[in-house]
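Two complexes are shown next, each including chain A; its partner changes from chain B in the first to chain C in the second.
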Partner chain A sequence: MGVPVAHVPTVTGERPGRLSRMLRPLAFMSLPTSVLVLLFLVPMGILVYFSFQYGDLTGQSGFTLTNFSDILSDPLYREIAWTTFQIATIAMIAQLIVGIPLAYVLAYKAGRFELPLLLALVLADELNPMVRIYAWRMLLGREGLINEALMSIGLINVPIDALLFNKFSVIVVLSTSYLTYTVIPIYASMKAVDAGLFEAARDMGAGWFTTFRRVLLPLIAPGIFIALLLVYVPLFTDFAAPTLVGGTTGYMLGNVVSDLVLENGNLNAGAAMSFLMLLAAGLFSLVAYQLSRVRQGAR
Partner chain B sequence: MPLSRRIQRALPNALSIGLTGLVMVILFGPVMLLALFSFNDSTVISLPWEGFTTKWYSEALNDDGAMTAIGNSVMVASIVTVVSLILGTLASWGLTRIPFRGRPLVAGVHGAVLVVPWLIIGVAGLIFFSQIQMMLSLQTIILMHIVVTFPLVVAVVSAGLIRFNPSLEEAAIDMGASQLQMMRYIVLPQIAPSLAAAAIFAFAWSFNNFEISFFTGGFEQTFPVWVYGVLRHSSNLPVVNAASTVIALAQVLLVFALWYGMKLMTRRRGGTDRDAADLVTGAVR
Partner chain C sequence: MKHLKKLTILIALLAAIPVLAACGSDSGTTEEATAPTQAEADKPATGTLRLFAYDDTVTDEQLNPFRKANPDVDLKIATFNSNEEAAAKLAGGFEADVVEVCLDEAEPLLQREQLRPIDTSGITDWNDLEFRDQPQVRQNGEVIMIPLSAGPYGIIYNTEEIPEGVESYEQMFSDEFAGKIAVEGSSSVAPLGVAALTLGFEDPFNMDSEQLEEAKQFLIDHQDDIRSYPDSDSDMVNLFKTGEVVVANGGRGTAQDMQAEGLPVEWVAPTEGTWSWICGLGITSKAQNTDAAYKLLNFYASPEAQAISATNGFVITNPKAEPLVPKKYKQTSNPASIEGSIPLTQPDDMAAYTKAWQEVRTG
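Coming up: the complex of A and B.
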């Protein structure tokens, strides 16, 4: 809260005068804050403004809600939104299924391999996402390495086309792209859990699943919510992976925005779509954040 | 010990190793195969192995598109890293050490940048620059990269500043150090590992950033935008393969170099590798 802080001892040692008390935050904060206002808040404001505007070739423009009603009433967009939801949700669940046990291994089992594995996860994230998409395409394609290998050992006669250019390949690429951000928050929340609790649970006769569900899961819930915040939201807006490995069935909302803005040059519709996605993302983040706090408070 | 009991004992370990191995293979296997096949003497990336060659590397070297894009990305990421470190260090000092009115709000805006998807920031940037009639170019890419990257530096460096006790700073001032001396001899050495971690992340964020570069770059291409363009219009180009391998290798080396630098720095201050790892993972938390 913006409470004036007259009696907080400051770093300078001497009692700063009123002027210096105002100047010191300015000296440090004015530059970063101006950058944020000018290049983040103003552009976002213009984006929202544009989503409520129409502009046609005759140069006329003004306030309108049609950008939104067009999007919301279009069955094609609804279908793409549903596809996007499916892909993002399956990719998220897949990451949690792999990520929670992996975080567990890292936190409690890895021993001297803990730090190298952690570094490997960070490194995986630092690798260029385009390079990764490209590598997967090379593996999954009709003449890709997986098909070639399966055919050369005689397991299949015709290449499997179902590996690339569909929802499956998008899910594979997206799951592997964000895994670092799923594992690390969960790992971090596990590090804070006292491992003695597991023994206590076992001594009281709980099996591993009960221990997981009743002891570990409630304690790492905040970490899981942070992972959702960091991963689930960007999954909805990704458009490089669906363009490059999605084919026609893996077309997502991010592609809609990109096509509206860059192919059709319809900035107003693109802005409206972005604004709707931003609202959804904001709402989801708020809920996830609140849930993570409720969970923590309940302990 | 009966066999069933021994299996029961060994199973969790085997599962742990199996899971970890599987994840590592899935994360790094494809990129390693990509590197391997960049040396294959064939225009299509597939089996059988046609023979060893380095010709794709010399072709990549002579490919104007590839070299320009890589050059652009290195330049953009370097500028963005330096500017983000400066802005981010200023802001994290202000947000952790100086109490002022409206601080939670300002901190909130810094955090908000990190959760807004890059696609939306890219679109907003495109509309913004078209409104102020600024030509889309590397400059506009740099501006937008800075605004999404420096709050990450704030997150990493603030975490470092919170860990370390301000009474040292007060003691330095009490003993007659100037503000500048206090910063130079007390604060800087303490936050140096955080700054190194922040530099790794800032460079990677900018270098790997596709969405924002794609929307705000106009006709100028960074490396991810170039790969995207090539992949979109044709498939399996061995030149992309070679260029990607070089980039991946450079990124691996860079991360390792900075990691060892950070380890050295934290050890010299009596910290452990654990502390260095905390700095890296702290950014994600």
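Coming up: the complex of A and C.
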């Protein structure tokens, strides 16, 4: 009598299943990962590499820290950085002052106009940046619509030159250029907030400002954080607005990078400047993230 | 988890291969581009020809006769706003056979060895061309570009606002026009050059450090008088069109563009002196169709093409074209019209100019 042979499940029957379970998500991830690596990390790596190099693309080259020490020790660059910081910060604050109420209207008050208004906001951003800047020049210029209107109603006799070609016009253009990216994340975070909370706050005697400060603001802090990341950081690198409406005073860090690379052909110094701006942006993001967590924790 | 880590690294490396390969790809040759034999030169061009130039050099009006004469050539055109931009793009992997070279901007192309010496025996009209003996046309004794157009820089003013005209840079910077002046600011050379000429310096493109400091201070002192530093010709035209400025420094070609748009402007050569840009075409170090490239260079230097170039407001370089130039453009296209002007060249110490310009922009 033969002993019945127990059926031992073969290992080979399980292996393909485990392997395919492991490989499937990896295969799924491989394309976006490759794109990310190819289009984001590799250029970033090249930027960092160039920032630590001296010489041009064909001549002698090697490792150096001079690009950084030259930038950091030059009072001119500190002055330009300070101007850039002022312009970008004021533009960001202006956008938040306009953007938060706008997001509030979209989220809670627009009713059936919510979607069309949202679409209008997105479409406004689709406008070519150059066209938008030149449109502002037509509004703010010496013979622009604002000056013409003020003169026609007799408020002024001569056009106001201070509307265009200075820091003010750069701030105006930058504030409007990025408004969509400020409003959308704040609007998205507001949509997640139960409007009944405002009613409860009112019932407990809170005014609109207290409700905003103690209820709404902490809840939309992550949205504001995303808006800051999307808008405040790119504001530092913009060079189209200062070039076209900055006149003789609106020179920013973005223009410095452009001049270093395109005029001087000094890719290394331009890369070092960009890298420093990237580091500053990273630091800023970290601080903004911590602050948004603090605000959330405060509710 | 370990597998995942390894796979991620592998994906990163695989993704980086094309980029690294591109970085280390063929850097081209700086050997002289061999001119085609006469028999080859007589045949129409074939294959793909990639031309990289300023947009006003590659208009359909300018290129249609070439296309007609060479129906089998696939002409691909790309444009840039400066030779610096062209050099950066070529260094980044963009490829072209023929590139426009301006003597005042050529340095980045030369630094990166992106041009091949040209065999002038392959250029039929070479010995007739003006400016062929300009020192910058040759590098280490070898011709790097064929001069094909030129143009003077002076003052553009609005004839309705200033009917009596403007004669000098000194007058342009006077209180009379405060707040209504534009100074071209696409690079540091033009604004500092204008300041240098106003201050009476002989060589605005090679100022010593003391002169550069004075020119910089001049622009800072006149900051409130200057409305804007336009970055391009089109921006300059817009400033005149919108009434923001009534006087500016600029090229005669720009003034002609404005007149063509119906703007009441005139161009004058200032009493302090004018400078002139000279541009032409060169063959790139990565050129693949040099026969067609020579064909194109010959076309641009031909009397027919030069006559078309004259109607764009440029000074022509081939005197044989003069009989073909429309009467209206005869004076402005004549090379004699820029005789005595200072050739616009890139300063030896470009970094010092850029730094001075940044200081001006910072106030």
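Please note the rule applied: the second predicted complex is superposed on the first by the 241 of 299 C-alpha atoms of A that agree within 3 Å, B and C clash if a C-alpha of one lies under 4 Å from a C-alpha of the other, contacts with A are read in each partner's own complex, and residues count from 1 in each chain.
Going forward, a residue touches a chain if its C-beta (ideal position, glycine included) is under 8 Å from a C-beta of that chain, and two chains touch if they have at least 3 such contacts.
Being a predicted model, the structure only gives us computed values, none of them experimental.
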Contacts of A:N255 with chain B and chain C, given as first, second, both or neither: second
Chain B versus chain C as contact partner of A:G62, first or second or both or neither: neither
Greater residue coverage of chain A in the superposed arrangement, chain B or chain C: B
Which of chain B and chain C A:E263 touches, first, second, both or neither: second
Partner chain in contact with A:V42 - chain B first, chain C second, else both or neither: both
Which superposed partner A:F165 touches (first chain B, second chain C, both, neither): second
First, second, both or neither for A:G111, with chain B first and chain C second: neither
Contacts of A:G141 with chain B and chain C, given as first, second, both or neither: both
Which of chain B and chain C A:L76 touches, first, second, both or neither: second
Touched partner set for A:G154, first chain B, second chain C, both or neither: neither
Shared chain A contacts, counted only where both chain B and chain C touch the same residue: 33, 41-42, 46, 134, 137-138, 141, 143-144, 243-244, 261-262, 267
Chain A-touching residues of chain B, taken from the complex the two chains share: 12-13, 16, 19-20, 23-24, 26-28, 30-31, 33-34, 37, 44-48, 87-88, 90-91, 93-95, 97-106, 109-110, 112-113, 115-121, 123-128, 130-131, 143-144, 146-147, 150-151, 154, 166, 169-170, 173-174, 179, 182, 200, 204, 207-208, 210-211, 214-215, 223-224, 227-228, 231-232, 235-236, 240-241, 244, 247-248, 251-252, 255, 259, 273-274, 277, 280-281, 284-285
List of chain A residues in touch with chain C within their complex: 22, 26, 30, 33-34, 37-38, 41-42, 46, 56-59, 76, 79-80, 83, 134, 137-138, 141-144, 161, 164-165, 243-244, 247-249, 251, 255-256, 259-267
Residue ranges of chain C in contact with chain A within the complex: 3-4, 7-8, 11-12, 14-16, 18-19, 23, 27, 82, 84-85, 87-88, 91, 107-108, 111-113, 179, 187-188, 223-224, 226-229, 231, 235, 238, 242-244, 350-351, 354-355, 357-363
Residues of chain A touching chain B in the complex: 1-2, 4-5, 8-13, 24-25, 28-29, 31-33, 35-36, 39-44, 46-47, 50, 98, 101-102, 105, 109-110, 113, 115, 117-139, 141, 143-145, 148-149, 152, 176, 179-181, 184-185, 187-188, 226, 229-230, 233-234, 236-240, 243-244, 254, 257-258, 261-262, 267, 270-271, 274, 277-278, 281, 285
